[in-house]
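There are two complexes below, and they share chain A, which is joined by chain B in the first and by chain C in the second.
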Partner chain A sequence: MTISRRRILAVASAGLAVTLMPLPAQAATDAGDLIARFTDGATPGEGPLTISAPQIAENGNAVGVEVACPGARSIRILAPANPNPEVCTVHFGPRAGSRTLSTRIRMAETMDVIALAEMEDGGFVQASARVRVTIGGCGG
Partner chain B sequence: MISRRHFLQASLAASALLGPAASGQWGRLAAQQRLSQSDLLDFDTFGNVTLIHLTDLHAQTQPIWFREASVKLGGGDARGQPPHLVGEDFLAHYGLERTSAMAHALTHVEFEALGQAYGRMGGLDRIATLVGAIRADRPDALLLDGGDTWHGSLPALRTDGQDMVNLMNALGVDAMTSHWEFTLGADRVDQIVSGLPFAFLGQNIFDTDWNEPVYEPYRLFERGGALVAVIGQAFPYTPIANPAWMFPDLSFGIREARMQAMVEEVRAQGADLVVVLSHNGFDVDRQMAARVQGIDVILTGHTHDALPEPLLVGQTLLIASGSNGKFVTRLDLDVRDGQMLGFRHRLIPVFADAIDPDPEMAALVAAERAPFAEELAEVLGHTDSLLYRRGNFNGTWDDLICTALMEERDAEIALSPGVRWGPSLMPGDPITREDVFNVTAMTYGQAYRRQMTGAEIHGAMEDIAENLFHPDPYFQQGGDMVRVGGLGYRIAVDRPMGERITGLTHLASGEALDMDRAYTVAGWASVTEGTEGPQIWDVVSDHIRKQGRVSVPGNETIEVVTG
Partner chain C sequence: MERIDARPRVRVPRSASPGEVVLIRTLANHPMENGERLDSDGERVARHIIHRFICTFNGDTVIEMEIEPSLAANPFIEFEAEVPESGTFHFAWHDDNGDVYEATADIEVA
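Up next, the complex of A and B:
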């Protein structure tokens, strides 16, 4: 059995998170670390990856996010400012017709939601969308 | 060959030349007490399609005073552009004579003096006269209502919007879109819509369970041998700016991709003209016009802007028809073979003293008001100074409301929502119960009283400022800046969120607002379900009754910094 680098990174990060638990907002896992965890350290490029999310969340408890990426083998969504920033990872089989996923995320605060995709050729691509969570009111 | 774009620009130039001349003439006519209905209706019928646009009536059926904003800053690229020009800059941009009728209708310049010359504006019976006259020229003119119609007055509140539904049905609307309508609750809206004889449009309203469209996205009309598509766009941020618990199963949003899809769908069905009846707000519409292809006309709403000329974005005309019944837009179009080849436009100011009320509409309005006549007419006190709200920051009406909240609710600080609706009162005017409802009526008017730390107050103000001054219009969520009582501050509107508000001062003590201390805060219009307290109109009425006469100087405790 081999232990992949990704595994080691994940374990290391988990250890880090535990150490820093008493500090607020888990800011220790910045977006760069979270991305590296998915890409094995590779820097993702731009590609056919699209992310759609509302500019301003109507309800921070359920923010609809849709990610599509033709040619993706897997897609991960990150909400970096959340206590659990790794929202989900979805794997597509070779016969998957549409490489699209849609889900709802609970969001703690305003942030850039990040989508990452691992392509069938082994490369990585990234896209993000700013979603604002506001107290609202004062309406027009 | 002359391109379509060329035609549009040629027409626009003509309109720019004619507009000010005509306005100046009205000014002189008015000075001679001869501002007449025929001057206001003067229009050479053009092309084959006529659109009549009315928006943001806020249930104002009576002639009113309405002072336009003296501070109306835009975020990002919109700064210094229409509709963010005010006062002298506005007059210079459009070449309007300073004392003309249009100058009075469109700006705050010498508002009190010119008001004496030109009188009140609006009134649904006057609007009915104008609509009737336009229909006499063009019987199949389309009358399109941009929404915020069923809310904003005592009768509308007491009848759950039924008075306005009845009156707009009588006026003969062809389609509408919405925003404050949903503060009647989704069930009430559906009840009204099920009986409406016209289209209630909103391509951007979906249900939260299945993410499926709830209302008709568009409707097609055959007019003058052309097929006209009207696509509805409700206020995208209704569940954020207003209480989402009143319509928990609905989701809004800009939904730009679906707007593009709807444009393509109606074009595929043979639409010769694509009109968007919008409640996006002007800056959002301007951005949408640049990003969505194939829209001929956007009838804008929500931000209460009135522009004497269309604003052209690419090949899309943006029309801004004001609010509170002050204006009716007539837009005549030459539409042939799937193309808009030219237009003629007039923003018609509804000067109440110059227009004969339509007797049928006047009778209907009176009948709707009759059950409330006694309460509407109750005089609570008088004002010695101009009371107004419209503008980015505290108006004098807001200062009066904030003072009422602090004194009647024994609070150190008051917060009042930066809504854009609410007519003005002239110095010397009585303040009636109706006037107070006109600036406060809503279905969530409970005046709360709670503790907030200085840091919480600061955080809320930063959040609201971000919603107003974000450089990207798609992030501009609500109304104007929250109004504050008992607090002074400095706002650098172009700074990022968290850095705009400084110098917060607790005015009673003259000391800096203590970030850690809890203050007693009174406010109203909370979007939180279950908010308790007396209704704001009762709080304000009590205060005015006690004062007898009020005089509110302009606010001098808010410093606005740009750049």
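Up next, the complex of A and C:
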């Protein structure tokens, strides 16, 4: 049996596809899983949630992030490309003056930082911000 | 896990009017060892972080936070509180090693 050039290409490209596929698929699943863990499986919608972060972070060791969401009961921040993608969850109590939190987070690489809010009516909303990281900050 | 000299610092206004919303800034010294870093021998350094932060005003919760290793070292946390009357803010940072670092701040509301 002779192996045609076409067949070699077909096998090679199939192999390439298999090699390349898992990475993006894995990342997408992980972000989805992280979101589902907070929302108990519900798909978050859009709402008054905002996330502010620098477009470019020189140093991934400490990136300032502010989240705000009027009407939120709690807000979670996720850095999906970090070794530990969950960053923090803030619950607002009766003496909270606003549903706002500013903090500094670690970022291993360029990614979309995700904020998820659980609203007082039980619904969930999501927002994200792209941050380009020059030097990663997770020391892995 | 070693004891950390966290020296927590808080910034709270000294006075406000009833029902005013005030800005609160907090900072604690802590390496927030995320459990990913390798030491000079190539050994993984064990996780050692502040995993919880709580701020109350006269016993009522302002915010409560669950913190993971992806928060930056020397945790900086800024938020807002509503003050109906004079009283005391209480702040607590809970370390993985069981230590709790505390701070208080009084505010005059008139």
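Please note the rule applied: the second predicted complex is superposed on the first by the 103 of 140 C-alpha atoms of A that agree within 3 Å, B and C clash if a C-alpha of one lies under 4 Å from a C-alpha of the other, contacts with A are read in each partner's own complex, and residues count from 1 in each chain.
The definition used in the following text is that contacts are C-beta pairs under 8 Å (C-beta built on N, C-alpha and C of every residue); 3 or more make two chains touch, one makes a residue touch a chain.
Given the structure is predicted, the values throughout are model-derived calculations rather than measurements.
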* Counting only touches as set out at the top, which of chain B and chain C does A:55 meet: first, second, both, neither? -> first
* Asked: What is the contact status of A:135 with respect to chain B (first) and chain C (second): first, second, both, or neither?
  -> first
* Structure fact -> Between chain B and chain C, the one with more contact residues on chain A is chain C
* With the two complexes superposed on chain A, say which partner A:43 touches: chain B (first), chain C (second), both, or neither. => neither
* Asked: In the superposed view, which residues of chain A touch chain B and also chain C?
  -> 62, 137-140
* Structure fact -> The chain A residues in contact with chain B across the complex are 52, 54-59, 62, 64, 132, 134-140
* To do: Note which residues of chain C are touching chain A in the complex, please.
  => 21-22, 34-38, 56-57, 60-83
* To do: Spell out the part of chain A that touches chain C in their complex, as residue ranges.
  => 61-63, 79, 82-98, 100-106, 137-140
* **Contact set on chain B toward chain A in their complex** => 148, 179-180, 208, 211, 235, 237-242, 244, 251-254, 257, 281, 302-303, 417-420, 460, 463-464, 466-467, 472, 474-475, 477-480, 482, 525-527
